[in-house]
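Think of it as A, B, C and D in the order they're written, each chain with its own count starting at 1.
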Amino acid sequence: MIPLNTDEGFSGPVVTTQAPTLDWWLLAPFLVVFGAGVLAVLFEAFVPAARRRGLQIAVAFLALLTTFVLFVLQAGSLPEEGATLVAGVLAVDRVVLFFQGTVAVLALISLVLITERRDGRDAFAAQAATVPGSEQERAHIMAGSQHTEVYPLVLFAVLGMFMFPAANDFLTMFIALEVMSLPLYLLCGLARRRRLFSQEAAVKYFLLGAFSSAFFLFGIAMVYGYAGSVNFAEVRAAVENGGAPAFDGGNGEPLMLMGVGLVAIGLLFKVGAVPFHNWKPDVYQGAPTPITALMASCTLVAAFGALLRVFFVPFGGSLELWEPMLWTIAVLTMVVAAIVAVTQRDVKRLLAYSSVVHAGFILTAVVAASTDGLAGAMFYLAAYGFTTLGAFAVLTLVRTRDGGQELGDIERWAGLGRRHPGLAGALSLFLLAFTGIPLTSGFIGKFAVFEAAVAAGATPLVVVGVLSSAVTAFFYIRIIVVMFFRDSEEEGPTVVPAGMLTGGVITVGVAATLTLGVFPGPVLDTLLPSDEAGPEPAAVMVDEASLERTAP
Amino acid sequence: MDPMNYIVLAALLFTIGAVGVLVRRNAIIVFMCVELMLNACNLAFVAFARMHGDIEGQVIAFFVMVVAAAEVVVGLAIIMQIFRTRRSASLDDANLLKN
Amino acid sequence: MIPWLTIAIALPAIGAVAVWALSRSRTPAADTAQTNRAEAAAGGGTDTITRVRPAQRSASAGAENAKRAAFGFSLATLAVVVAMALRFDTGASGLQFEQTHDWIPRFGVHYAVGVDGIALVLILLSAVLVPLVMLAAWREHEDRQDGGAGYFALILALQAMMVGVFAAADVFLFYVFFEAMLIPVYFMIGRYGRGEQRARAAVKFLLYSLAGGLIMLVAVIGVYVAGGTFLWTELTGSGGALAGIDTELAVWLFLGFFIAFAIKAPMWPVHTWLPDAAQASRPGTAVLLVGVLDKVGTYGMLRYCLELFPSAVSAFVWPVVALSLVSIVYGAILAIGQNDMMRLVAYTSVSHFGFITLGIFALTEQAQAGAALYMVNHGFATGALFLVVGFLVSRRGSAEIADYGGVQKVAPVLAGAFLVAGLAGLGLPGLAPFVSEFLVLIGAYAFSPVAAVIAVLGVVLAALYVLWMYQRTMTGPTPERLSGLKDLNVREKWAVGPLLALLIVFGLYPQPMLDAIDPAVERTVQIGTADAPAADGATAEEGGRE
Amino acid sequence: MAVVTHHAYLAAEPAAATAAGSPVLSFAWLLFALPLAGAAILLLGGRRTDKWGHLLGTLLPVASFVLAVLILFDLLGRAGDARSVSVPVYEWFTVGGFSAGVDLLVDPLSISFVLLITFVGSLIHVYSIGYMAEDPGRRRFFAYLNLFVAAMLVLVLADNFVLLFLGWEGVGLASYLLIGFWQYKPSAATAAKKAFLINRVGDLGLLVAMMIMFAVLGAISFSEVFAAVPGAGDGILLAVGLLLLLGACGKSAQLPLQAWLLDAMEGPTPVSALIHAATMVTAGVYLIVRAGPIFEAAPVAQTAVVTVGAATMLAGGIIASAKDDIKKSLAGSTMSQIGMMVLAAGLGPVGYVAAIAHLITHGFFKAGLFLGAGSVMHAMNEGVDMRRYGGLAPKMPITFATFGVGYLAIIGVPLLSGWWTKESIISATFGVGGTTGLVLGSAVVLGALLTAFYMSRMVFMTFLGEPRWEEGVHPHESPANMTVPMVLLAIGSLALGAFLMLGDRFATFLAPATGAEVHHFDVAHAFTAPYGLAALVVLVLGVAVAWALYLRKPVVETAPKGNLVTVAASRELYGNEINEGLVMRPGQVLTKALVVIEDKVVDAAVNGLGAGVRDSSSGLGRAQTGFARSYALTMLFGAVIVAATLAVRL
């Protein structure tokens, strides 16, 4: 904290003169994405519409690729115990890099979906400002105008996602959260078709998001009040010795609790845990599918990165404090979401609920609060990210016969398997991975998180988990039944040719799902932290010593 | 005087904001309630900063204001868009998306 | 040293992919096949097949080749397995043809395979059944655009997993196969099944098994957490990693595994998926489902429940025996009450599986050897029965008993095969199942007279449901609509003939199989007897009640 | 004492050695292998074998008979107690302490059965060539007959109970196939199933008996089991005895498992002759005699045997007296005769010889009678109602002659086969002494009375009196290949008894096997002794009554309503009704009930679970109203949960 010359009364701080030393190398990825975003905005302003799109796409891809390469290189050079940068507002270690790298890859893939065009039109409104069905809209469509703003927005969102798990104090985390969310709010409203849905999604997402971040912020305030700082390390220290000096004899406990609770609410909203999940189905359904894909994969990864960080580092010293809470939430999430999903008819809503259930599974690993739990969650997120991207990619191809907008209603997918076995087969594979059938990545992921939970003595939680995944199986299987076992009526869907881009995404999804399912060894053993692996690689994210429970 | 009073006040404002979000239909007003909640946070920060006798909290408050401003920009854009489409800013009108 | 088991797993797996690829290679004529699919769908029963066949012949030559390839692969697998069996040392009691490689070091997961006598005979069973099933199903799906080649690919995929599941010497690996097996079967029922209810039946089957499997997953994890490894050889035995765990934990883990196995087995009261599945299956599917897949349940009880958690066994002996007895009688009585032959046979299997589980948990050498042998014999007998019923279905498109009668007059060979298979089912001495049934019974009597006597009721009821079905379908005056019914053709004779031959051979000379099984049984039976004082006490008191 | 002699003869070691030494005995397995091969060839050979199938099928049993004779001479060439030879063939199955081998026991008892089976069997094969000439399924028929002969030989040659059970079930199967040979007749199919099922109930007894033997006595081979008998508890022995009796009842149609035999007459007549008169149905007697040591050690079981035997003997007689269907009447007679044998066998060693001897002679004359009946039916266009027969004697002299001989033999006209053996049974029963002896003895005499009556009735109604033929019936004598066997059997019926009994030939021959002390059959005494006289009296009496009722006044063509007794008798003493009431109906109810339970409870539970999930799903789903503000409310509610769960630790 910045010291005051503590005479009575308040008279400005003694501002230190020397600037903080900046580790440009570790900072580079953030700067690249940020720079690219700014650049893209400038393009919007100065580059003629005709050449904008190509340029934007080039910049976006280039930026993301570069950052990914940077992450890989950093992973090689980074000291085992990680490092903090910019006067300790950010912290990077192997684990963080894994999250960031995953986000980078998934973002790249989503970007492919975003750039995909069908007969010259991408998934976004020609001119979001125009009223749906109005003259201007038609004019804009005729003119073939389009929102290349999508790309800078995506870049900024990704920047937020990079910062979210890397934040080393609550303020940075809050800002990262906003940087990540605000562009997404906008992106949700940009769908080309069914714009009313899209706009509604945007409004809901925005208001609820703002609402939740207010909770988050108030939580930070409470924590600050209790600990006298928002820096994770200091918060942790404060927690361990009963709060800031201002509180003698730890009577600040209520503040602490409020802090933990409200911060938790903010984060749980982002990962979409029950009962903070209501936004997910609506937003996923309303948003343009490529954006849904982006949210379902990258946002979830980043949000869980942040969640793990908060609960392992600043609050890592007081497991017994928040574990009952996460237990309850995890159980609620797994059970409620699984059950509600059973009667969904719209595929996107279904996948939304499914992602809620998966969030519940990952929470069991958080509850485990161990290196294994951390590793399990990381693997799960990566695996799930690829699979879900593939699934959404498939969705973008299945259209209604009339007007050719995406066909959400499962019941009308009958006969898809017979006419397009390849596509239906791929989707089936993804669904089986969601179900957690062996030889798919989903199974290994489930095993990893559940193993951690059981090892941490959370067996009842795991039992709930397996039961609810039995329920989820029901609706995943139903899709397969409709696609393969129902005879196709004439009102069956049409399938637009996958094309290079989307086809590529699906292929990557399949490949990842199978590889991570059959040969998870490399990822599990080299990329993820583990107790065996010599010097603690997860120094910043989780430091085992401090994760001991006070024996019940 | 005891900074705790400010905290209580902040909590009050926060609650008022939250309740506002729940009871008001008009999107704009709901949004303003959210802003109110953010400002409640600011008050809390400042108060705590005072209590701890450092300025970190106050610095945070400034950050929050900036963020809030950004939120306003985005939020109003979205709300305007839907308002122009539906000719109404009532949240309850917008419920096409449901089970 | 040749990796026999790996070959036996890989061969069909490769085959599956190859066949699938072949079936994908669209011949131009395949579309014409598609066109007369409609007209095929119009008519029903035999005439459809006859009508479609010529078109198909010219049409999906690709499919035909694919099927031939599939058949070839299955024969090759059989050859490999037989060759392996000949090298099997019946003296040793441990695992043989072992191989162990790290797979997922982080979780102590290995690719570890190895077989003892019991696993070996079960692998043999599956290797024998698959080609026969293919023969029987050759013409079944010709009204499909892939001419049924996809079905054959699924069979091969399933075979790879069946061999794998019996050969696995690593709990995790076993679980992987155990769960993965569901998928091909799911498609075999749901996509290539028969009747309106097939999708529903497939889902029921999958969810049922999946629920069991997921519960088992918890136990599997528990084993790892408690034992620190998945390697079966390291976990079991007096010096094994699980030797030390406290009984309560052992009981819970045992239960976790047992539920999954009981569902697979299928044991009363979690058997209800089987009749639906069987009714909706093509006979070939039913053969593999009941003949081999369900054996995984009983095999698992023997290999995993008993050997991993010996300290828990005594707690389960009586409950399981009780359930087995219920299954025996209940299944038999329900079989009597059925009107659909596929359902009927399914219920008879519930009864027979009751014998197997009874034998396993009677914890005497005769009973367990009998149970192990029963698994194989039941595979042959029920397999034959399903196939013959299938031939009827392929002729009339119905499995309703009421649709038949007097078949013996027009199709004596078919009727004869039906009768032999049925007699095997009712445990007629001279046919294979008798030996196993008898062993189970005498073993069970030594364990508990009451249990054995109740079980014998099943034997009597068996005579009723078999002979009554035979009487209603094969005897009596031949109705007009059946007068044109064709007798078995050469292909069908080759499909069912070997099974009947095996039934007779192993009925008169089962010793070779018993020699293979016995050492393994001696190993497992010690477990039960070693620490099942409760069971012994119970036996004593039962004896007193006699 | 008796038990001891058993051990003496059943000590397998020396016997095995002698078996190795003797070429003939080491081929004993061919006895059943030959007919079995026949069955296999005929069944697998298919139509190709139609032409010569029946010839092969006949040849093989004959071959077995020849081999049996050779073996007989081999045995006769040995000292008395070396005459029981066990011939191990191969190990069937062995697990731990349990071992069942395909081991044969060739001893006087089994060989006499083998001879009976192969001889009568061969004759009936020959007869069938003619009888089934017209039948399209003749090949199949011969295959089944061969199968039966093989199984029956396994049954009697087995050296352990499991192998015996194999034969036991084998003959059951053959009988099932042959009763239902004309499957297109629903009645035949039903009768076949009924026979098999009731036999299964009996087999249950045999199975459980074997379990007890292995569990308690530690083995299932005759020698070991009997060796263990002295050490076994009475309860065990009693249980085993009763269970074996249950088995015997099933196979030999003794009360209460008698109901199948009369229906079994649905089968072709040669089948009735071979299986349901001469051989298979006597297996029960064989079992009881073979398991003698057990019964002798369990007096209560013996009493049970005797009671069952006596009851069946009388019941059978009554039924036979009331049936108008010639075959059913004969079947009733078979029941009655076998009842008599069982009774004798129940007396222990004293009765064994008598029982077996009567069994053999009965095999001859009853087979002869059946073949005769078959020939008559042939003549009457397969009509079986004796009320539509009459006056056939002149039309078919040979049949009449042979049938007549059989008739005289069975009713026990002195010096014919039946007389010898029946006398020895009667003497044996009275020989028991005391009231028991008196009661049993008089029961047998009563049985003899009934026999005399119903058999005379049959002959009178069939061959004598006025013709009562239906239109278009032109009786004619049967062809030679049918009459020759009848003649041969008739000869047997005349002379065999004397051959066996004079000089106690059979008793001495059988003694080492049954352990019975030979006691002399005194011909003169048989006439002078009171029971001898009684037998003669009842004989005359029975014939006289029959004459009065069925010859003196003409027989009405349709059966009169009759009184309670005759109705009950013609309804087979309500055996079927009892079975239905006690077993079938409750069984059907139970089945229906369980089917419902399965559907509405067991399965419904699972489906209900699914439905429950679906309902709660749509219920919870309503929370997703689409109103942003309600979502906010949910979040607040969530905040409460979070607060609560955090507060837990305070």
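Basically, a contact is a pair of C-beta atoms (placed from the backbone, for glycine too) under 8 Å apart; a residue touches a chain by one contact, two chains touch by 3 or more.
Not measured: the values here are computed from a predicted model.
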By mean Cα position, the chain sitting nearest the middle: C
CA centroid of subunit A to CA centroid of subunit B, Å: 24
Centre distance in Å when subunit B and subunit C are each reduced to the mean of their C-alpha atoms: 65
Subunit C-subunit D separation of Cα centroids, rounded to whole Å: 37
Geometric centre distance via CA averages, subunit C-subunit A, whole Å: 45
Multi-chain contact sites of subunit C, meaning residues that touch two or more partners: 207
Subunit D residues counted as touching two or more neighbouring chains: 610, 621, 624, 626, 628, 632
In subunit A, residues with contacts to at least two other chains: 203-204, 207, 211, 215, 281-282, 340, 343-344, 474
Chain-chain contacts as defined at top: A-B, A-C, A-D, B-D, C-D
Touch list for subunit A against partner subunit D, complex: 203-204, 207-208, 211-212, 215, 253, 257, 260-262, 264-265, 268-269, 274-276, 278-279, 281-282, 320-322, 324-325, 327-329, 332, 336, 339-344, 471, 474
Subunit A residues touching subunit B - in the complex, by the definition given at the top: 1-4, 6, 10, 13, 128-129, 131-132, 171, 174-175, 178, 182, 185-186, 189, 195-197, 199-204, 206-207, 210-211, 214-215, 217-218, 220-222, 224-225, 228-230, 244, 246, 281-282, 285-286, 340, 343-344, 349
Subunit C contact footprint on subunit A (complex, rising order): 375, 417-418, 432, 435-439, 443-444, 446-448, 450-451, 454-455, 459, 462-463, 466-467, 469-470, 473-474, 477-478, 481, 484-486, 520-521, 524-525, 528, 530
Subunit C residues within the subunit D interface of the complex: 204, 207-208, 268-269, 272-273, 330, 333-334, 336-337, 365-366, 369-370, 406, 408-409, 412, 416, 423, 428-430, 435, 438-439, 441-442, 445-446, 449, 452-453, 456-457, 459-460, 463-464, 467-468, 471, 474-478, 508-511, 514, 518, 521-522
Residues of subunit B that touch subunit A when the two form their complex: 7, 10, 14, 17-18, 21, 27, 30-31, 34, 37-38, 40-41, 44-45, 47-48, 50-57, 60, 63-64, 67, 70-71, 74-75, 77-79, 81-82, 84-86, 91, 94-99
